[in-house]
Amino acid sequence: MAEEYNPYNPIVMDHFLNPRNMGDLEDADGIGEVGAAACGDIMKISLKISDDGKISDARFKTFGCGSAIASSSMATELVKGKTIEEALKVTNKNVVDALGGLPPVKIHCSVLAEEAIKAALDDYIKRHPEKAALVAEKKHKA
Amino acid sequence: MIKVYLDHQSSTPVLPQVYEAMLPWFSEYYGNASALHEQGLRAKAALNQSRKQFSEAIHSPDPESILFTSCGTEANNLAVKGTAYALQHKGKHIILSTAEHPSVENSVAFLERQGFTATRVSVDSQGFINPEDIRAAITPETILIATHYANHDIGTIQPVAQIGEIAREHKIQFFVDAAFSAGWLPINVQEMNASLLSLSPHRFYGPKGVGVLYKNRKARLSSIIHGGIQENNFRSGTENIPAIVGGGLAMQIAENERETRVSRLRVLQEKLWKGLSEQISYICLNGPLPGENRHPANLNVSTEFIEGEGQLLLCNAAGIAVASGSSCVSKNLKSSLTLTAIGLDITLAQGNIIFTLGKDNTFEQIDYVVSSFAKIVERLRQMSPMWDAFQKGNISSVIPGNPK
Amino acid sequence: MIKVYLDHQSSTPVLPQVYEAMLPWFSEYYGNASALHEQGLRAKAALNQSRKQFSEAIHSPDPESILFTSCGTEANNLAVKGTAYALQHKGKHIILSTAEHPSVENSVAFLERQGFTATRVSVDSQGFINPEDIRAAITPETILIATHYANHDIGTIQPVAQIGEIAREHKIQFFVDAAFSAGWLPINVQEMNASLLSLSPHRFYGPKGVGVLYKNRKARLSSIIHGGIQENNFRSGTENIPAIVGGGLAMQIAENERETRVSRLRVLQEKLWKGLSEQISYICLNGPLPGENRHPANLNVSTEFIEGEGQLLLCNAAGIAVASGSSCVSKNLKSSLTLTAIGLDITLAQGNIIFTLGKDNTFEQIDYVVSSFAKIVERLRQMSPMWDAFQKGNISSVIPGNPK
Amino acid sequence: MAEEYNPYNPIVMDHFLNPRNMGDLEDADGIGEVGAAACGDIMKISLKISDDGKISDARFKTFGCGSAIASSSMATELVKGKTIEEALKVTNKNVVDALGGLPPVKIHCSVLAEEAIKAALDDYIKRHPEKAALVAEKKHKA
């Protein structure tokens, strides 16, 4: 069976072949774009964030290899429903683990996904400076 | 499920007749060709029969000029390093092009770390070497000119006979890497004035596990794998008899059927490029237009705004086997050496796809590939932030002349 | 006509199961293991499966420590030269024995021409290395200790674990040439403290066209065949998948059946030597007596007053396939390196015959070989002026202790 | 067939497997022994020479490889019936040609055969000095 012979595990293949949350968000509250074509990957993540600081929706667009696409897809899944604070804690390792592992040479894709999420959140915070304090405050308490 | 194999540059299936010819050499005739008994002498006779088949196919003056190695890469290493070690007392300068296969480029780089020097002659935007650039690079220290016949990435056919003429005039050893050419292009080592020429049978329906180096009787060569006295002392190690037997027959058949195979390939190649360029926007052809200056099996394209690996994986999911010179795919920045050498924009190099046709591909397969590939490109562009930016006019196409 | 194959050291027939396992990999699954499509990924999975089989058989800590080459000779070249190039900044001194296979000896000799130095530790009259001699040869410049496990000519089994211990104490990379041992002798790379260890599957009913180098994760190694990124960058060139698949299975089977095969071989070996020494006068055994210090398949004898090639040819005429370490047979003075190393009289070296038994040899075959060989020796002695001179008392036997 | 797979051509194999004139001659008129065991070959050729200077019989004994045995066998065949003068003209090339060729690395065997014949003839001439003049005289005439 062709399915047995793939460079990635079934979860990665599934997220590559059936990406979740692909696209852009109209009126996104935060957009992050990281990477460069010359390096082989560009990831753009758009977030919709409700007033209570919850990520109500997430979308991605990616120029890059199979694991870059799968990492973006998984990253959007991971942050959906999370608060900003929780989302800021999502690491590339979380993405890799959720994907059931990536080949060593492809770990950088998950790093890029983490960075794209962070960039989108930064963008949101930049647009909503009042929330920055909230985040910082909550961080303090913890 | 439909399966279309379009990666014949990376390997080909062994022909049924070749396979049949190999079979007795595993369990029935298993002698070591160095042994002095029936089993051994039979193996030796088989070796020599294969030498004859290769010799005839490339118009070698004698079968003894055929040396067996384990693969095309080793044959290239032997040609380059073997010349360097044999002639280092005469000089230490090597000339090659910027678009050689990694087995040539990295052999030369290894020698540079050992004190040899090299001049890498640039190729033009279609991958052609200018023989006059080779001439200009010659110094009194030059001991080797190493070039390829057809480029493995973009199919450019080099003016090897002209380069050979320059080598002859200057009495410099001339090595031709024909690992992607043999079986597809006519080879006459005497007309090319080749001192050394390498072949790789698994690229023309022969088995893996054997490479061939033609060595003109006058060429000077040192061994690089040391040990016993196999291959006239030029390559030690027990010979892979089944692969050598199969390789020789595959060479003979390839040569007999070459013109038939090639004229069919040329039609498929034209059809494929026509289909792709009509169905897909912002796609460019790398290397010369299909025709006498391009390898009949190779079609190398770049689809703008998307990356290669995703295309490969979606092709695979559609049953289509292709390759890519993108560094992301090969995990080796050097694999896109040729694309860098022709000055291809880095984003186009990222989106590189190599189709290599074979003798069994059909017109229907080409139609399927064109329509599938168009959908794949469309799908990946939908995912691509670069496509988005291009649509919005934020970036522009880097394809020269902006085709379609 | 009776046929008895007693040259299993030079090569063995591929096992039927191994052959079956190889077949799909020629024409059905023909992908290049570097390719990113079903055919390629399938080939890569096969490669890794074979790595696992070798890894388990030699108790390697992980399958990634298994590297594929084209033959035992290349594996030995890679181990020796690869260590030298990787560690030349630390030092340039290599220790080996005087009884190495030419692939090790000639690799070291090549490095000596490039500025490396070597100490060749002598072996005793039975071919044994004294580990203390190795210790004594160590200098602060020493980067490699290279020895064999079982000697390819005379079957001597070396104290590799003791040598490995010395290497470990001095933190020197240790290479074991097990090309004649794997499949016949137990191998535990961790107990041996081997940094590198080579195997040759066509010597244990696997195919030609593949060699294996175990490389401990901590061992430093440079590539010697440059090109693409195959084998984790340690060996470029398209992998010979069918041979790698067959080799792995042959290794697994050899390991499973090893004890059964060996206990049978030991009986045949004893019987052969008993028969020869009883039926033939002025014959001597080279190497240790059959037993735990000798490879169970090897019997190396010298028949006095006659020369090796004639014996080989008459054996062949009688349907018996054997080998000889005589320089006349191999056309290579270096082939009798071991015989020189043990100080064998030159005329005894000339009359050298090597029998290597296999798992399928029978008691009846041994009887036939003994009686045929006795007649052959007699016949050649009738032709020999030396035998004449000996009979007349003009010369005397040089066999120590003058057996029989 | 096993016969097809031999390191030598059928003539050489025939002379090796069925050597002509193997042995010694009682009361030989000339004996030549050349070579050394350390070099891998010893050839001994014995000749019976009649009063008219004709070689009436020849025998060889050889320690050496297949082509050494075949060369000795062929050399004895070549000189039988010849006069001393004719026999002195037998060269290693004649031996090689009569054998239908030898592999390049084995040419030295034929050289040894030529030398053994010459040595046996020398021995005869040494024993019969009166014939030396005859040989020399005839040589002059020629």
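Letters A, B, C and D mark the chains as written, and numbering starts fresh at 1 in each.
The working rule: a residue touches a chain if its C-beta (ideal position, glycine included) is under 8 Å from a C-beta of that chain, and two chains touch if they have at least 3 such contacts.
As the structure is a prediction and not an experimental result, all values here were calculated from the model.
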Of B-D and A-B, whichever chain pair has more C-beta contact pairs: A-B
Most remote chain, CA-based centroid, reference being chain C: A
Centroid spacing, where centroids are CA-atom means, of chain B and chain D in whole angstrom: 56
Approximate Å spacing (C-alpha centroids) for the pair chain A, chain D: 92
Chain A and chain B: spacing of chain centres that average the CA atoms, whole Å: 41
Averaged-CA centre spacing for the pair chain C and chain B, given as whole angstrom: 35
Two or more partner chains touched - positions in chain D: 2, 6-7
Touching two or more other chains - residue numbers and ranges from chain B: 36, 38, 309, 313, 316, 319, 329, 331
Interface residues, chain B side, partner chain A - complex: 1, 305-310, 313-314, 316-317, 319, 326-329, 331, 346-347, 350, 382-388
Chain B - residues contacting chain D, complex: 36, 38, 41-42, 45
Sites on chain C touched by chain B in the complex: 5, 7, 10-16, 19, 22, 26-28, 30-32, 34-40, 69-74, 76-77, 101-103, 106-107, 109-110, 114, 200, 202, 207-211, 224-229, 236-243, 309, 312-313, 315-316, 320-324, 329-332, 335
Interface residues, chain D side, partner chain B - complex: 2, 4-7
Interface residues, chain A side, partner chain B - complex: 2, 6-7, 16-17, 19, 22, 24, 33, 37-38, 40-44, 61-66, 68-69, 105
